[in-house]
Amino acid sequence: MNRPNALLSVADLHAWYGESHALHGVSLDILPGETVTLVGRNGVGKTTTLRAIIGLIRKRTGTIQFDGKDLMRLPLHRTAHTGIGFVPEERGIFASLTVEENLMLPPVVAPGGMGLKEIFDLFPNLHERRNSQGTRLSGGEQQMLAMARMLRTGVKLLLLDEPTEGLAPVIVQRIGEVLAELKARGMTILLVEQNFRFASRIADRFFLMDHGRVTADFPAGELETRMDLLHQVLGV
Amino acid sequence: MADTALERTNPQRARIEWLVIAIGILLLIAAPFAVYPIFLMRMLCFALFACAFNLLLGYTGLLSFGHAAFFGGAAYFCAYAVKSWGFSPEAGILIGVAGAAALGAVIGFFAIRRQGIYFAMITLALAQMFYFFCVQAPFTRGEDGIQGVPRGFLFGFIDLNNPLTMYFFVLVVFLIGVFIIWRIVNSPFGMILKSIRENETRAISLGYSVANYKLAAFVMSAALAGLAGSLKAIVFQFATLTDVAWQMSGEVILMTLLGGIGTMVGPIVGAGFVVSLENRLATSGFPVQIVIGLIFMICVLLFRRGIVGEILAFFDRRKPGT
Amino acid sequence: MTMIFGIPIQAFLGQLLVGLINGSFYAMLSLGLAIIFGLLRVINFAHGAQYMLGAFAGYLLLTWFGIGYWPSLILVPLIVGVIGLVIEKFALSRLYSVDPLYGLLFTFGLALVLEGIFRYYFGVSGNPYPTPDLLSGGTNLGFMFLPIYRGWVVVASLIVCIGVWLAIEKTKLGAYLRAATENPRLVQAFGVNVPLLLTLTYGIGSGLAGLAGILAAPVYQVSPLMGSDLIIVVFAVVVVGGMGSILGAIVTGYILGLAEGLTKVFYPEASSVVVFVIMAVVLLVRPAGLFGREGA
């Protein structure tokens, strides 16, 4: 069912928040270099899927294979070292660290990550504010920082949870440019995004989620023909 | 401390509980004829102390690290009243309880201003302050303590020097004390305390002045601990600094933890266990403090529900549909 | 003879110095407690026992192996720190998922055991530890007589406190610590071995207590009871200072030590309780503590 040469392959993933059964058998796969979007209404389990993949949710069953490794058996602090980066919905910028310390915090997990100079070229305002307290940045700048710090680490797969949430259109556009740049450099991206128009500009493939499972998936080329389904599922 | 054994109402369970209590009381009545009354009285005093402590910890969710102040303080007040003012034992006990309640009001007032860990640290610090006061205050006679407290005549005519008489008086007071706690726990007031333990923010949002309830529970717990301490002063006829030291505060925590936090019978069992253990160790020359500390550590790591908690959980597991 | 507030200035400054020295230990120990609490959310009741352990380690290194003060300054924190590492790894770490009060109770039991062991073998009386030759004697500063070792204690504690503060605020490891204090799960998801960080932190905190112990050995007698009396005062210090801030813990320690010294001058009977009184006042006026953050 999952494509054979997938970089990330998730099969029949179940997950629980305490007693609450949140994911009911999610299956998806991503090819190397692909950008894939999880779409669905609020509360269907998109964020939960990301958190289950990175391992922040420990009560889970099923298969998660990344780059030939079985992620289910890894302790949380080893998962990133397989080459997965996570940018959470709340961004996770640390108030007690400066911008630069925030940037340098996630350890380098593989060669090929961007150097500090390259990152500051891509995000000049982060360079300007590098000694400020992390949370003094605006929402958009914090989002940039959250993404930038992953780029240093050399991760191959980026999990992005609602990167454009609550941000002004100008910033959203900038984020789109950054993602396009990353995509051009070969980054594989799994994106959870409510802003459907934003997602449709960069996604190669769509996975629809409802009630804790994937109900449909199709490549970007078929988007036109699937609009009815999308309207139905998303109310878009 | 939410992972305690929850009390679930269940008619069969209730019947078993009443049976156990009835048997227990019968045993306690028969016991002094088989076991040293002094030893039994020690158990009963500490059992009452532990039950009073559990009112605060198990039912309100507040860990006080300074309960020795109320236990030992009441012992001092009672001992002094009986020995130096010539009060009869019941009046001395009342003085002890009143003093403990007053002390509880003061310490509780300050401690309530913080939650959780800080609350515990404040109770410890203020109890230590009281300890230093006891070291220096003339009425406590410092290192020697108040010795030779007369047993006296209860109500003027019952001679407490008779060990059996003394024992039955202690038993009656113990049962009354436990009964009072039981009534508090099962009253509407007690329900509110439990809701504070489960979810304090929720209780606040429901409109309860949580601080007042906590303070009330604190004072009640202190007064009942004081009852235990006053009894102890009469039974053993002395009051010393040991009774107000932080180690004593630690002991009552252990008794409650070992027996089962949040169960009515747990602290009694725990007190029985610890007092027996100390009795055994006292003659063996074995270091009591090390053993107590080890039990603490093991209990916290592996045995948080305590003896009674584990028993109750065992019976719950065997019931279908739970 | 110069007088100040009606007392000879020598006596006044002498007591202030004693206060400053006590404050040095309050500061070092509150620092350790605050670091451990910040990351592990556990109040290390055994901190006083670890301080006592440090003093005894120094004493035993000397009497059993002839190892003197200066090597002990390195060895003792290592020994106590390693013991702390082991305790965290095999016991304390199992309590992170339950109510933090259990952590307090566990470390309380640990304190009882540690103190009990030393009481069993050494009784309750103190053992002397000689002042190292380099630091013995004193100098006359004119307005007061300063025993050199006392001065050393103050200087050393300042170096330790400031050094630790710098390490936390300015180094990469410190950044890991600060981030993990804020959001340990996310830091773990980035690939940082937070469980190891927790173990190291408890080890370092214990080591700090041990270091305070060996520094204390020539000043106070080495006795099994030296930790328990001190820890309760240190608890009051951290309630006053609030545990959200490392710097706050340090400053509060020195201030309260000085307050104690001042009280000894004017109202000696109250000196053992003045810290608790200040704690009570702070609770009335500023419950979160002088430097505390809400919920910290």
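Think of it as A, B and C in the order they're written, each chain with its own count starting at 1.
We take it that a contact is a pair of C-beta atoms (placed from the backbone, for glycine too) under 8 Å apart; a residue touches a chain by one contact, two chains touch by 3 or more.
Note that the structure is a prediction, hence the values are computed from the model and not measured.
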Most widely separated chain from subunit C, with each centre as the mean of CA atoms: A
Chain nearest the overall C-alpha centroid of the shown protein atoms: C
Chain-chain pair with the highest tally of contacting C-beta pairs: B-C
Distance from the mean Cα position of subunit C to that of subunit A, given in whole angstrom: 44
Centroid spacing, where centroids are CA-atom means, of subunit B and subunit C in whole angstrom: 32
Intercentroid distance (Cα basis), subunit B paired with subunit A, Å: 55
Touching residues on subunit A, where the partner in the complex is subunit C: 54-56, 75-81, 86, 88, 92, 94-97, 101, 104-107, 109, 153
Residues of subunit C defined as touching subunit A within the complex: 172, 175-176, 178-179, 181-183, 185-195
Subunit B residues touching subunit C - in the complex, by the definition given at the top: 1-3, 63, 110, 113-114, 116-118, 120-122, 124-126, 128-129, 132-133, 136, 246-247, 250, 253, 257, 287-290, 292-297, 299-301, 304
Touching residues (chain side subunit C, partner subunit B) in the complex: 37, 43, 91, 94-95, 98-102, 104-106, 108-117, 119-120, 228, 232-233, 235-236, 238-239, 269, 272-273, 275-277, 279-280, 283-284, 287
